[in-house]
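Heads up, the next two complexes both have chain A, just with different partners, chain B and then chain C.
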Partner chain A sequence: MIKLNVSKSLDSVEGKINLRLNLQIEKGQFVTIYGESGAGKTSTLRMLAGLLQPDDGEVYVDNEVWFNKQNNIDRAPQKRKVAYVFQDYALFPHLTVKGNLEFAQTTKDTAYLEELILKMELGELINRKPATLSGGQKQRVALARALAQKPEILLLDEPLAALDIKIRLKLQEYLRQIHQEYNLTTILISHDLGEIIKLSDRVFVLEKGQIIKSGSPTEVFVDQQISGKFKFTGEVTKIEKQEVVYIVTVLIDQNVVKVIAQETEINNLKIGDKVMVASKAFNPLIYKIDE
Partner chain B sequence: MDWAPIILTFKLALVTTVILLLLSIPLSYWLSISKSRFKPVIETLVSMPLVLPPTVLGFYFLLAFSPGNSFGVWLNEWLGLKLVFSFTGLVLASVIYSLPFMVHPIQSGLESLSTTLSEAAYVMGKTKSQTLFQVLLPNIKPSILTGIVLAFAHTVGEFGVVLMIGGNIPGQTKVASIAIYDEVEAMNYGAANFYSIVLLVITFSILLTVYLVNGGYLKRFWK
Partner chain C sequence: MNRFSGKISKIEVNGSLSLVTVAASERITIKTIIIETPETAAYLKIGNTIQVLFKETEVVLGLNQKQAISLQNRINGTIIQIEKGALLSKVVIDTEIGSLVSVVSTEAIKELNLEENQEVIAMIKLNEIMLSE
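What follows is the complex of A and B.
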């Protein structure tokens, strides 16, 4: 369990921010930190990794002290069992993909590396230098390199933000699998509501350095409680009036779905909004998929 | 023809460059990460030889190391160092004189690297020196090469400092640039021309090699 109770004053683009955090994260949870840029999300991860020193407070992980201002304890980043996937990936340019993975291992474990290479589909890339890789490939390497450390806590700083939707969906799938398989505590920074709802157990919403909301993604982001059986999140791409009803076109993953809505429902909707489409299961159709 | 001044010049440049490299890596690293309030002062001191006339530097060396004052006597008696009119003195003066040419490229190379590279290495459990030697330096090879070559070439080309503290002792402190001056004074234009041509050709080749290597031309050629 991670207990973080810290404060730090930060100079951001919009002036000084007082980051004041008090949060607890259960072991094995997938947690997302959501908020506008400059709200202190990255600083939160950096303080957990030991790359940024809080002004005051304490950090405990599994009852071990990682930081305590009063007793002057500040465990070096080298001694915290975390892996960090940076926004710019921070792959070492002079090493090949394989070199990057090997560098991250404290004790050599070739079998484990092979497993990672296989799982992240890096087989064809292992002898290439990072400069020759595409964004999605770099991201996979960064993720594999983080796992090569065999961390207990995985910190992800908006790793998917720069990627296009197709690759993003695939990598989200990787993240989910890896989190479960390696029994990690994962903390993700993300702006993408769909991603958050899909991946996380718990969300912390950060605004100007304070946590203003926390809970499960649906508790936090969806006002009404829907007891729907099918829930998807997507983005509104079109709203058109037809006769007495409105047709809202929603892009869910890569599928375009048309939903009928009443005038009252579309009042606060505009193109580009993130929405949840839910349905009770009384009328779905079922088809067998021939393999 | 007397090759001794040329050989002495390159010996001086080689020794100076090796010492500078060993000195500049920790110094540049410190300058690239430091937030100390002394940093501007150190940076100024490092850069001084760029703007100061070499004769000024040489003059103060001469005063400081002269056997006529207590510091010079102390150096001579306790360390057995005679720094005026000696090769050792030339090396020391050249190290200080060429310091910015080694420190600046390495420092700006280190500063151009994203800080997340070092942070990633720290999180992986690597110490600061492991990070410096295994991550940072391998990624600024062109800057290191530039520093080595500039420091070497600058030492080859120095004149004022050498003239002030080295004097003109054949085989000890009579480097090529001094020899050229000497020969011109003696109206030996042929000899002066010989030294000049050798320096010209060698420095041109060295610099050309750097630009070829750093520009990646050689790699393309070998492929």
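What follows is the complex of A and C.
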């Protein structure tokens, strides 16, 4: 269990904000922090990792004190069992993939490294330098490197934001797998609603340094509970009027679907909006695909 | 979508299905079948206020009160507006519970000679209605 009760005054692009957090994260949960840029998301992760010192408060993990302002306790980052993955990979350019992984290990464990290479499907890449890898490959290496530290807490700062949708979906699978297999407590920063709903048990919405909402992804993002069982979230890519109806094109994962809508439904809708598409379980037909 | 508010007046459960009756007014009830039970969905409680939702394209229009068809959800009303397209038309119907919209083929409008101020029955299949809190 992570207990974070801290405050920190930050200078962001939008001016000064007072980050005031009081949150608890159960061990083994996959949690997402969601919010606009400058809300204090990255600072939250950095304070947990020990890279940024809170002005006041305390951080407890499994009843161990990691930070306590009053008692002047501030555990060093390398003693926090936390691994951090960034959007820009941050791999060492002069080291090979294997070199990057080995460098991350505090105690050498070849068997574990082999396991990671296998699990993250890096076998063919181990002797390559980061510059020769694609974005998706680099991020797989960055993930493996994070795991090489045998962390208990995995911090992910928009790790997939720069990748295209196909690679993103694949890496989401990796994230889900490693979270479960290595019994991690994972904290993700993400703007991708589909990703959040797919991966997280719980979401914290951060606005100007304060948590304004928390709960399961559907509680947080879907305002209304609806009985329809055929429900997906996606992004509006096109709205066109056809006679007396509108055809709204929605991108759901990699699939493009079309929904007929009326003017009253599209009034507040624009391209790029996140939407829920819902139908009843009674409507869709189901076909077996011959392989 | 069409959206009306009502109170749950009856819930019949069998296995994981429920047949829910919602009273939208004293005279108009709307029935829906859903894959939820009072155990799986907290909003399934007699007397609870709930929204019934259904798509305009799922609303069937009829003229005669005594039609031998299986549709049980029937709402009487008067056409207040018809917007005709080449293939589809939008019909706005004034009912006891508010305006209801139906999208049907323009050909059907012609065949039934539907026009404004005419009385019609709007019908919706049981399985086309969703509930929302």
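As a working rule, the second predicted complex is superposed on the first by the 288 of 291 C-alpha atoms of A that agree within 3 Å, B and C clash if a C-alpha of one lies under 4 Å from a C-alpha of the other, contacts with A are read in each partner's own complex, and residues count from 1 in each chain.
In this section, contacts are C-beta pairs under 8 Å (C-beta built on N, C-alpha and C of every residue); 3 or more make two chains touch, one makes a residue touch a chain.
These figures come from a predicted structure and were not determined experimentally.
When both complexes are overlaid on chain A, chain B and chain C end up sitting side by side without clashing.
Taking the C-alpha centre of chain A as the vertex, the lines to the centres of chain B and chain C open to an angle of 160 degrees, rounded to the nearest 10.
In the overlay built on the shared chain, the residue A:90 is in contact with chain B alone; chain C does not reach it. When the two complexes are overlaid on their common chain A, residue A:215 makes contact with neither chain B nor chain C. Once chain A of one complex is fitted onto chain A of the other, the partner contacts of A:78 are limited to chain B, with no touch recorded for chain C. Our summary of the superposed model lists a minimum C-alpha distance of 44 Å between chain B and chain C.
By the touch criterion stated above, chain A contacts chain C in their complex at residues 224-229, 242-245, 260, 262, 264-265, 278, 280-283. Interface residues of chain B facing chain A in the complex, by the touch rule stated above, are 114, 116-117, 119-127, 134-135, 138-139. By the touch criterion given at the top, residues 49-51, 76-80, 82-84, 86-88, 90, 92-94, 103-104, 106, 149 of chain A touch chain B in their complex. Chain C contributes residues 1, 32-36, 41, 43, 51, 53, 55-57, 83-90, 101, 103, 127-133 to its touches with chain A in the complex.
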